[in-house]
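Read through the structures below before going on.
The following pair of complexes shares a single chain, subunit A, combined with subunit B in the former and subunit C in the latter.
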Partner chain A sequence: MEIDDAKGAKPLRLAICVKHVPTCDDIEVDEATGRIRRADAECDINPCDLNAMEMANALKKSVADAGGATIMAFSMGPDGALASLKKCLALGADEAYLLSDRKFAGCDTLGTARVLAHFLKAKGPFDVIFMGEMASDGATGQVGPMTAALLGVPDVISVATISCGERAGQFIVEQHIAEGVRRLLVKSPMVVTVPFGVNQPKLPTLRMQMRANKIAIPVLTASELSADELARLAPKSIVTSTRAIGTHAQAELIEGDAKAIAAKIRELVEGGRQHV
Partner chain B sequence: MKKKIGIIGGGISGTALGYNLSLYDDADVTIYEKDRIGCGTTSKSAGTVCLFDDSLNNRYWDVRLYGFETYMKMEREEKGSAGFDKTGTLVCALSEKDERRIKTGIALARAAGYTGEYITDKERIKAILPMLNTDAIIGAGYTKDDGYFDGTMISNNFAAKMTANGGKIITGVRVTAINAEGGTAKSVTTDAGDTEAYDVIVDCTGPWSRFTGAMLDLDVPIWHTKAEAFFLAPAENLDYIFPVLKFPAFYALRAGNNIFICKSHLSMDLDNPMHAGQWDPDKLPERGGTDDYFIEFLYEQMEKDVPGLVDAGLSSSWLSYRAETRDFLPIIGETPIKNYLLATGYGGNGVIEAPAVSRDLAKYIMRGESTLLIEEWAFSRLWKK
Partner chain C sequence: MSEIVVFAPITGQGVLPSTAEVVTAARDICGAGDRVIVVAADDDVARYRDALSFEGVDELVLIRTPDITGANTDALSHAIADALEDRDVSFVLAPASDAARSVMARVAVLMDAGMTAAVKTLEVAGDGDIAQLKTSFGDQAMVSCSLTTRPGIVTLLPGNYDAALLSASGAPSVTERVADGLVSAVEVLADDGGAGNSDDEVLPITAADYVVCVGRGAMTGDNFELAKKYAAKAGAALAGSRPMIDNGWLPFAAQVGESGTVIRPRVALILGVSGAIQFTEGIKGEPLTIAVNTDKDAGISHFAKYLAVADMGDVLKELLSDV
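So, the complex of A and B:
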C-alpha cells in the first residue's frame, strides 16, 4: 500500500455551513403568526455547528505538516448571521461568506439547501463540507442531507470524528449509530453532519478574535442565481404554526433562607455523587 | 409621625440607602424595584473595593475605607454574604503621577491598619503575577488585604436587613410616574396601577435615572459609558492567587477559572460616541453586545502588559452602562424639585461609594444635617456649570 501519498502536498479545501439561531431561553413564538420571533431574540451560532467547526479545525490541524487546509464558512441569513460567521473566523476559518437576500427569506429547508449548494459549488470544490446535524430552532436535520443530494456527493450523518485515510481523497469517518460507532472509509467530496456534544469546542482566543475582526465577510446575494434557480426556491412546505411547550423536566424549587438553600444544594450534589 | 420615603431602584444604591434609612425609628421606607433586587448594573459589576487604586480620588479615601469595612462587617456576620474574595490587589504605576497617588493610598491604608507596599523590583512584581510584562511599569502597589465583592449579594443583604427593620420592598413593579404639584414631588404611580404618597422620593435608578428624571421634566445630567466586560479563560490553569490587577486603562480579576477584564471607567471619554452616549438600559442584552473596538483595545493592552492573556479563550462577555456625570462623581441629594432626591451617577464606583453616601444621605433626609460628601456631590455643582 502506498503510504501517505494522501496527505500529500495539495491543501485540503474544507467548508462549513452554520446557522445563526435564537439562544434557547430566548425563543418566543408570535401568537398572531405562529412563527418564532427571531428579530427580538438574542442569537448565536447554532450549538452543534460549533462541534462541526471543532471537527473541521481538528482535521485542518492534522494536515498542518502535510499540505495544510483552508476552511471557508458560509451562513444563509440576515445581517445578524455575520456574528456567527465572525465566530467561525475567530475559531480558525480562513474566509467567510454571508448568503443574504430578501429572496432567500422565505426558503424552506429545501430552498436553504439549494442556496447553500449553489454557493458551495461556486466557491468549491471542497473535499469535506461540515454542517451541524440540526438547528436548535428548526430541528429538522434535513438541510445537510439535502445539500449533499443537490451536490451529488455522499452524506455521512452523526459523525464523531474524521481523519485522513491512506490515499488522497480518502477519509476515515467514525459515525455514531444506535449500536455504537461505525468506521467508514469515504471518498471525498462529501458532506458530514455533526451532532451536538461529540467534541469539546475550543473558545476563540483574543488573538484569533482580533484576526477575525480584520477579515471582511463578503455578502453573496440572489443576483448570483439564475432565474431558474430562483424559481426553485419557492417553498414546498410552510410552517403553519409553532407552539411553545412547557418543559417536562422535573424541577424542584428550592426555597428557604440562604442556609437552608445551601444545605439542600449540598444534599443534592453530594447525594448525586454517591451514585457515581 | 413617621417620615414616608419611597426609593425607586433596588440596586446597591437603593438598598444601601433603604437600609441606612431603616436604622431611624421614625422612617417608613419602601423600595420599588421593577425587576429583582440587585439585578441591574449592580449585577454586572466587578465589585472591586480596593484599598488603593485610581478609581476614586484619594480626597475621598474615607469613602473607600467605609465601603470596604461595611462589607467586611457583613462577611464577619455571615461568611460569604458579601461575596468577598480576598485576592489582594496589584496596582501598576506607569508614570510618576501614578506612583505618587499609589504611595499616598498605601500610606492611608497603613494608617487604617492594613498592609500595603510599593514595589519597584520587577522580579518581585512578576512573582506576584507571572503573566505580567513589567516593561512599561515603573512600580506597583500591592496589598494582600482586599479584593472584590459581589454587588448583588450585598444588595440582597442590605434589603434583608432593611426589611428586618420594618422596611418594605416591592419587586417586579415599575414606577411609571412621579407626580408633583407646584414644584414638589408628592407621589409615585406604578405599572400595577397604584399611586402612593411620600414625604420624600429618592431616585436610585442608576442608568435609568435619565428616564425617571424625565417623568418630572428634569434633565438628570448623566451619560452612559459602555462597561464592556470580558471573561477570559487562560490557556493554563492558574496555580497562584490572581490579584485584582489595576492598570490606568483597564482592570482584571479572577472569577472562578476565568479572568474578568474591563476598561477602567475613568478612561472613558464622554464625547466619544464609541465610549458614551445616552441609551436605553432596558435594551441591554443579558450577555454579549460588546464592540469590536473593545477587542482591539483589549488585545493591544494584553499584548503589551499581560501577554499571558493574549491566547486566553474568550468565554463570555457582557455590556452594561455606567451612569457617569461630567466630573465622574455621583449626584446625591436635593434636586430643583422639592422632595425629589437623587442618589445616582455612581459610574464605576457604586460598590465603593454606596455605603458612605447612603449613611450621609439617610442622615440628611431624616435630620436635615448635611455632610461634606452631600455638599461636594450635590446636583447643584453640575447645574451651576
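So, the complex of A and C:
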C-alpha cells in the first residue's frame, strides 16, 4: 500500500473488518464431521468489532472539519455476515463489502488474512484499518497482525485511542500493555486492533438500521483472486477433531454463615492451588 | 533431527515469565536428536542472557536489534524470521501473550508457516505429529489441531506446564547476531510502565495461580479495601470486571473479560460479579471457581463450581481473620 503524504484537507480513508460470530452459549458439534454446527447457531457482530467501529467513528468525527473521512466495512463469511455489515452501515460506515465464496470456507487465520489483504489492497489505499482485537469464537487475535504483515504495514494491538498526529500520515496511538499504557507515533497506513471495553459502543437506532438495511452490499468473490492466491488459501492449521465441553449447570451451594463459608472457601482454595 | 525454537518476548519488565513454561513444552515434544533453541531479540538483548539460560536448552540465540524493541513488531518479526531462515526448525513455540501475538503472527506470514494460537497443551501423536489441544467458543469446545507446515508456529497459554528452571551454569552455547538496518513505522513516544498501577506491588493477573475477581458488589462500603487486603495476604492477584475499571477502582490491566485479558489461574474467587458472558469469557483453563454473591440466581451461579449466597464483606472479614 502507498503512504498518502498529501497534507491538507484530503479525506482520511478508513476501513473496518468485522466478523459475524456465533453468540449462543450452547454450541453443538456435528458428530459426523466433528465440526461446530455454525449454520444453526445464532450469530451477531463480534463484540469487540463494535469497539473498533466506535473508534473508527471517533477518528472520523475528529477530522470532520479537516477534510473528513470515509469508512469502508468488510466482512468475510457466508450471507449471514450481511447482518453485521448492515450494523456497521447503521453505525456510520459509508460502504460495505461482503467477501463470500465457497472457496473461502475452511480458511485458517492466515488464509482469512490473505483474503482480507487482497480486498483491502483492491479497495485501498487506507490510512487506518480497524479490527476487533480477537473474535469471540476462535480468540486467536492473529488475523489483524497477519493482514498487516501481508500488506507490508505496521500493526498495533490492544489500542486504547487513536488520533491524528501533527503531520499528515502520522497518528498518535495509545496501546494497552501489561505494564500500563504505551504512546506511539505510527506512520500510516496501519492496522489497529481494538479490545473489548476500551470505549462504549453506540448501538444503532431503529431508524438508522432501517436506513442502512436499504443500502446494497456488493459481494466480492474468489473470482477476483489469482490461481496462485487461491492456492495459498489452503489451511495450514487444521482442526482434526472437536468435542463439546459440558459446563457447570448450577454451582454447588456453600451453606452456613459467613464463618462457615470462609472456612469452606479456605479449604477449597488451598486444595485448588495445590492441584496441578 | 530438528530444532524446536522457543521465542522469548522481552517486555518492559524483562523476559516474559511464561517463557519458562514454553521451554518445558518444547522439551516435552523433543524427539531423539532434536534440539531446543531459545531465541530473543531486543535493542539490549545481551542483558537478558542469564534470565534466558534455562535448563535443558541446547542453544541461546540473542539477536541485537539496534533501536528496535517489542513495540516495533513490524521490524522485530523480520529479525526473527531472518534468524530462523537457514535452520531446520520444526516448531516455533511462544507464550500466548500480547507481547508475542503480533510478532509471531507476522513471523508466520514471513515464513509462510501455519500457526495455531492460544493452545493449552501439545501431544505427540502416534504418527509422530504434534497435536495442539485448545478450547474454542468460549471454552464450550475442545479442539485438536494439526499444522501442515514445518516450521509450524504455536503460542501456548500460561498455566499448563511447569516453568523450566534457570540453569546454574548458563546456556550451553550462545549465538549472537546483530540485525542491522531494520526499519519500523512505529516510534515509541512514551512507555508508561506504571500507568494505572498504584504504588503497591501488583501481581499480574495473568501470572497468578490464585485470582480474586471483584465486581460491582465491591463498590459498597469497604468491600473493595477488604478484597484488596485479602488478595495481598493470600498471595493472590486482584482483578475486576469491567465496571470496576470503568469507574476507576482498578487499572485496565486488571480487567478480566473479552478485553483480551484472559486469565488461567488454578483458583478464582469471584466476589460480587453478576457473571455476564463478557466477564466469564476472560476466565479460561477450567480453574476451580468459587463465587460469593447475594443473588443466588445471578449468572455467575451457572459459571462457578461453588457459590456462597452471602455478603462479600462479611465473608472477606472472616477470611482475613485467619489467612
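Just a few scattered comments:
As a working rule, the second predicted complex is superposed on the first by the 229 of 276 C-alpha atoms of A that agree within 3 Å, B and C clash if a C-alpha of one lies under 4 Å from a C-alpha of the other, contacts with A are read in each partner's own complex, and residues count from 1 in each chain.
What we mean here is this: a contact is a pair of C-beta atoms (placed from the backbone, for glycine too) under 8 Å apart; a residue touches a chain by one contact, two chains touch by 3 or more.
Quick caveat, the model's predicted, so the values are computed rather than measured.
Judged by the touch definition given at the top, the superposed model places A:Val156 against subunit C, while subunit B stays out of reach. Annotation for subunit A, partner touching more residues between subunit B and subunit C: C.
In the superposition on chain A, A:Gly77 contacts neither subunit B nor subunit C. Once chain A of one complex is fitted onto chain A of the other, the partner contacts of A:Gly92 are absent, as it touches neither subunit B nor subunit C. When both complexes are overlaid on chain A, the residue A:Leu185 reaches subunit C alone and has no touch with subunit B. Shared-chain residue A:Ala258: touches subunit B and subunit C both.
In the superposition on chain A, contact of A:Gly138 is made with subunit C only, not with subunit B.
Put simply, subunit A uses residues 258 to touch subunit B in one complex and subunit C in the other.
Residues 42, 44, 90, 202-207, 209-210, 213, 258 of subunit A touch subunit B in their complex.
For subunit C in complex with subunit A, the touching residues are 11-13, 71, 73-74, 77, 97-99, 101-106, 108-110, 112-118, 131-132, 135-149, 152, 162, 184-197, 204, 206, 209-210, 234, 242, 245-246, 251-253, 255, 257-260, 262, 266-267, 269, 277-278, 281, 287-288, 290-292, 296, 300-311, 314-315, 317-319, 321-322. On the subunit A side of its complex with subunit C, the touching residues are 22, 25-27, 29, 36, 47-48, 108-110, 113, 133-134, 136-142, 144-146, 148-150, 153-158, 160, 172, 175-187, 190, 195-198, 232, 235-245, 247-254, 258-259, 261-266, 268-269, 271-273, 275-276.
By the touch rule above, subunit B contacts subunit A in their complex via residues 78, 81, 232-233, 285-288, 292, 295-296, 298-299, 302, 309-315.
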